[in-house]
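Below you'll find the structure, written out as structure tokens, and then a few comments.
Here the chain labels run A, B, C and D in written order, and each chain numbers its own residues starting at 1.
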């Protein structure tokens, strides 16, 4: 498998994947920290390195509408946004998945206003968690690159749109080593563009179809149940595509990534760029002989219920790190997902939730260590808590 | 009225992969007035056809045929717009009652 | 049978229908549009005038909720509806896909793209999407069926609703007599985008409307046609009068039918010799006729109508002078596309 | 506690056409009952119906709180505000009825014709030419207020005063309807007087 390692930022790596995949249409509206990504890609378009028609729309709502039109037409389509842009898109996200269109959306994770923040957290992506979009989280530029290539195939096999997440600035603007596949390998992997990739292309004028009809109470339920059943098939499709991808890249991606969990009594769970730091925290504690481990959620939607339940079978305590708050008296979105996933485990671990990294607040090893300590002491009853959820980094 | 399909019988994405299937719907049931055509007066100018909101007037290049009462909602635009007064709106019920006898 | 006087334009349309849709209109019957609705004639007149396959996008509204009622569709042509504000953005996406796939040789057919929206989805919530789509230069025709209010939700005001009209959100009360503000002139605004072709039309003058559509399709790039669509339900006149009102609107100069090329050259297509007073048009509409009790409001409406009319005539004169300066044959600019074919 | 089978609850089903005030009438009937301290409920069958399309409305009136929000499928009273639909949607109109179901029909047909069309031989049948009344009183075929008068007389579910109060309030509230209040009150009373048991 011919590859080369080069230094790229997350945005550069994503732009490179977009170039190699050679999407037919990219309808985009700039917003930090995604702007740079589109700038890089626009260069490829300007230099004729891709056949993509880049539609510079007037806003994210229209961006997704144009993507829906182009995808329904039969084209291979991508867009990208962040934070408030994702929020503006939400109405159309539900329409895209309801119409079962294989669109790819890059979410360069950014906090939601107010107060306005251009920096990273997962609040924007959490707006999409119930939209029946497949959602992949990337820890670094390498994973962003790999996830993007896989996302095209996943979307077209599942006939559901896919969101590829990577953290704003932390990943999007930092240089790292990235192993790049050669163009031919990538293009063979995703396969050629063709309107008949989808069952009902609008542009097949010999077979006119109607997209976006109005369903009355007598049919809406059936439409949604079909969507529900098909979305559960996504697990197998993601697994299948990951295996195919391993064949060309040598790298296999599971729904979750486990780190030192085999004998771990206390486990921390996080998504995105903070996982590396969390692993270092685990190393530090392991060196003191503490039995701790860490888990990264890579496939966020559909949620890896079974894998997580198994991975947490023998843990005494679990702390979930949410990069977004739900303001609901329960805990962060990821915390609730994890709690639901392990609900039927025989010996359920003690659960705690920390909100961290909001609006770009940097997170370091010590803070994760403090969090794991707190978990252990809570579990042992040495300390007590008022709520299931606590802020890890708020100045007191 | 029609047999409702099951969830696994419908195409994905609530897409309708066919054309003009609304022709199943008997919108003639809305009709309270019926356009009665006087073929003596009709010159087949086709004006009624272009203004008919419900495509209920079968025509070809030369001729206008009898209104399709399965769809005609009885709006009366054809009667108003006919330059030759070839159409008269008659209460549907009078006709239905006659049919009853 | 009386002697045959088949009107040529219609015969041609009928012929095209025969060939294209084995005797069905682009919009099949069995849809749930109101009795006497003016929208289907507009859709059919527009689509029949285009002699190639058409992909249609539609904004949420009367046309959409009545023609695509799952699991049935009234459309005999590829059709997509995304939401209220996205008819233009959506067709833009389809057209972008078409350009690329055609270049790649994945599509052979020559396809036209049309978007339909009511005044709600065009003047108001969809305006940003429309303005941006034409600015981007997508090759499509946008047709607004303007019934001067949010009819699909039970008649609330839109920016196309004229002064003094009763709507659910501009009732006639002790303090306020219907809508306070004049209607927005979207056709002028679209002309200001300097796109290849902009026109205003009335479904009753089918000759004019179909000619305008044929004319529009001779241009590459964005085209916009604004058609008045008297709404029997909310304007509260009886169903058979829909086309009668569409006619009266032109005869009173309330809805001038004109066309604009490149936002530069203006032509008023129909100039009523003896225009009927606006009162006649107002009196025919229970939603509006209460203003006849208030001469000052009627005056204001008549003034708005006259001002617009004179403005249009001035623009027409100006563009003739401009054309002459540029050494362009003004009449040829607006020549009937059919004639061009023959010559 | 009431249930669908609770006799303390009267279950009524209206059949009419969009644009003829059937939904409004059903709501006014329920409101009038509420004015009299009873429990009332009126639920239109929401859809994409336009003017002219057949509409169906469920109404319940009870001495006890009404819990169910289900449409009425076994009506004790069927009210037909537009005679023409008897031909077109007969099956829907007579679905779920039994020999005790009472019919109130706005029509100028003779009773035996109505029985023939609907196929109801022995059911209690009340007839009122509400469309005629409406046309005479205010020149529009909006028979709903006259039908309400007929319903008050034939069922005794509500009294005329309660309906008058309800209609007055409803019409006063609307700038469009205010002018038509008197004519509609007259139509209401005439419906009450002119309805007859066939």
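As a convention for this text, contacts are C-beta pairs under 8 Å (C-beta built on N, C-alpha and C of every residue); 3 or more make two chains touch, one makes a residue touch a chain.
What you see is a predicted model; the values in this text were computed from it and never measured.
Q: Return the chain whose centre of C-alpha atoms lies at maximal distance from the corresponding centre of subunit C.
A: Most distant chain from subunit C: A.
Q: Taking the mean of each chain's Cα atoms, which chain ends up nearest the overall Cα mean?
A: Here the chain at the core of the arrangement is C.
Q: Whole-Å distance, subunit B centre to subunit C centre, using C-alpha means?
A: For subunit B versus subunit C, the centre distance works out to 24 Å.
Q: Counting in whole Å, what is the centre-to-centre distance of subunit A and subunit C, each centre being its mean C-alpha position?
A: So the centroids are 44 Å from each other.
Q: Rounded to a whole Å, what is the gap between the Cα centroids of subunit A and subunit D?
A: 56
Q: Distance from the CA centroid of subunit A to that of subunit B, rounded to the nearest Å?
A: Taking the average C-alpha coordinate of subunit A and of subunit B, the gap between them is 53 Å.
Q: Could you check subunit C for residues that touch two or more other chains and list them?
A: Residues 32-33, 35, 37, 65, 68-73, 75-77, 232, 239.
Q: Of all residues in subunit A, which are in touch with two or more distinct other chains?
A: 208-211, 213-216, 219, 223
Q: Could you list the positions in subunit B whose residues touch two or more of the other chains?
A: In subunit B, the residues touching two or more other chains are 5, 10, 14, 16, 18-19, 30, 73.
Q: Quick check: in the complex, which residue numbers of subunit A touch subunit C?
A: 24-25, 27, 51-53, 55-59, 61-63, 65-75, 77, 91-92, 95, 193-195, 202-205, 208-216, 219, 223
Q: Can you name the residues of subunit B that touch subunit A in the complex?
A: That would be residues 4-8, 10-19 of subunit B.
Q: Spell out the residues on subunit D that touch subunit B in their complex, using ranges where they run on.
A: It is residues 17, 52-54, 83-85, 87-89, 109, 113, 116-117 of subunit D that touch subunit B.
Q: Which residues of subunit C touch subunit B in the complex?
A: 1-7, 10-11, 13-15, 18, 23-25, 27-33, 35-41, 44-45, 67-77, 203-204, 206, 232, 238-244
Q: Can you tell me which positions in subunit C touch subunit A when the two form their complex?
A: The contact residues of subunit C facing subunit A are 53, 55, 57, 64-65, 68-73, 75-83, 85-86, 89-94, 96-101, 103-104, 106-107, 109, 111, 128-129, 131-133, 135-136.
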